[in-house]
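These are the structures in question, set out in turn.
Look for subunit A in each of the two complexes below; its partner is subunit B in the first and subunit C in the second.
Coming up: the complex of A and B.
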């Protein structure tokens, strides 16, 4: 930065810096972005009936968040429940009706529990006792 | 300065956007009729135009004029409303709760069944937890954007689920009288049933 502009700038403390327009980084590891967990949006969880499933992989193509995966060495359909929003598209495209939508509260786990939606260091101060 | 009672309502984006807002509007309108000072506003940090995202709606009720005009978030709420119980599984809805707070949830389950989703720190501060089958009494109304972002609300305020939740919150916490809630809500029957049928579990 040029020297003459320095008097117009403000030094932001390290704990108050946020990304520009709150845009999070692009996924790096396994296509996952832990800053943008969407599993908490889910009201109905997709559950696969493996006896009915014919592995046509329509659900993998239909999923808008790429949360449908092949597990067990490509022999079964599985879901990445940290990011599945429960939109129900996989249920809708399935030609053999092998995917059910089950209320999320019927299960004990499977949803990443977040302490806050947008937890920034300086916001944590405001919630303190 | 008189104490301001802060209410935070958690709802799902778009689907319950109007209902979450109605809970706050019915409560503040009822308090207004009792001569109190009120504020009701949405949270746009939550990006509420994504379907089923968790969004927050806020209300503030006070006996004296509310001096906090420029902070659009209740960091230390007294009362939490949850219009869709599944939200509690993914997020700590009670974060920042003040001592002696109330939690009101829309679900068919008993109050004890959902306490496990509240972390230990916040559970100690809860005075009472209550559940109400709000969708069974009055479902969500037509999904549209009327009433959002300052536009006129063509559907009546408190036409559906929102008035049930507002009635339940009034019954649990006692911040406003039953008559004021009934006068403020468009769906009087739903508000009355919400007030009468809420299941309360007092924790301390």
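Coming up: the complex of A and C.
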């Protein structure tokens, strides 16, 4: 049975193999998986008003990219801006309206002014040839 | 072989599937109403309300959301179930590939319904067949009993670690979904023995965040596609194994891939998928009584398509008539989708039968016995002449 259907399947060389169903661990520290920095897509940056924040952690659960973090020894909400795409879900779920969406253009280090986010390593390789 | 034993019930196809789902102890069901599949969700919600089944019953905001709920539930390690019909199936189109690519073994019931226009209640297969290339296992039941059995078999095949793919458990709207028939229900212990609890690797967990369906690096896209092909085509030995295990345990005689009915000395056969095959079997019996050498061949799986099995079987005959209960506008030979698959399968054969198709059951129409007799007459003629005048005979439009 197996032999008969061998002609329909593809032998994938060891060095080309990818993780099962592309399931990978979420990045935990900045700079991990540098080819997959998605922060460069962001138009609005999440900014927390720490006076309003009640540390309910709804935003941590809602973030589709696991970019909302507890910082300062668990006393504050922070964002991993290398990966935050600026989707705004955290703002949407916040029960006390503590997360504002500020245009990236308003920041000196805003996405449009950064070279680094666009000169990703694999893009550099492509242009090097 | 064991004798088929259990409680005998009089159930529709939907009732049979709902009963099987309860015995499969599903964890999450996501619903959105559209006839004719909806009854299955009604029964599940009743089971949940009465406390008969520990079920998370979630109502989607539409079919797209409904499939998204099932995707998320499955990714979190739940045995998930959803379903739809007709335009609902096509409305959720975007979600099929991510679910199969993420290797989430969701089961979806499709009660076939004609697409709009006219959105007839009954049973064209074009809705489900439109999604055939999205990486889901797909097969049809032709009786409520088979719908019950398929529900259990599909989960076991789809959840097998060698496959790990979602499954479309299809049945003809009205003809199977709403017409009751005898269904033998095995005991819960037997079902537990056949279908082990789901063990989904890499389930979503807040304490161990994983990226499901992330972006790929350049140069990995075709590897992912090859992986998915291997999962789909690697399902063949698993299907063979599971169907045989089912037959051995429950005393049934399902063909793993393609059923042959009265084909022993047949010269021409009807190739027919789904509920109309039940009527066709009676028609074949009647035509046999009149001395016609006709048989019936019924695929149990559309995806994966058993190319070699279909070719081996069909190349034995002088003529093959594919009964299309779907329409493929402008496709090669202008018949239906099954003609494309059958013709491609036969291409590898040295000896090819005369191939034609019959367009019937479109818009959810019944295919009557006299219409099957007409097909028999056409097949007898084309088998004798060694050629067919048409690639597709439309029932009620063309003379023999």
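Here is the rule we go by: the second predicted complex is superposed on the first by the 77 of 129 C-alpha atoms of A that agree within 3 Å, B and C clash if a C-alpha of one lies under 4 Å from a C-alpha of the other, contacts with A are read in each partner's own complex, and residues count from 1 in each chain.
The rule we apply is simple: a residue touches a chain if its C-beta (ideal position, glycine included) is under 8 Å from a C-beta of that chain, and two chains touch if they have at least 3 such contacts.
This one's a predicted model, so the numbers in the text were calculated from it and none came from an experiment.
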item	value
Contacts of A:86 with subunit B and subunit C, given as first, second, both or neither	first
Partner chain in contact with A:4 - subunit B first, subunit C second, else both or neither	second
First (subunit B), second (subunit C), both or neither touched by A:12	second
Which superposed partner A:61 touches (first subunit B, second subunit C, both, neither)	second
Partner chain in contact with A:97 - subunit B first, subunit C second, else both or neither	neither
Subunit C-contacting residues of subunit A that also contact subunit B	38, 126
Touch list for subunit B against partner subunit A, complex	12, 45-46, 51-54, 75-76, 84-87, 89-92, 95-96, 107, 109, 117
Contact set on subunit C toward subunit A in their complex	101-103, 164, 201-202, 206, 208-218, 220, 223-224, 226-227, 229-230, 233-234, 236-237, 240, 307-308
Subunit B contact footprint on subunit A (complex, rising order)	37-43, 85-87, 103-105, 111-118, 126-127
Residues of subunit A that touch subunit C when the two form their complex	1-2, 4-5, 8-10, 12, 16-18, 20-26, 28, 35-36, 38, 61, 66, 122, 126
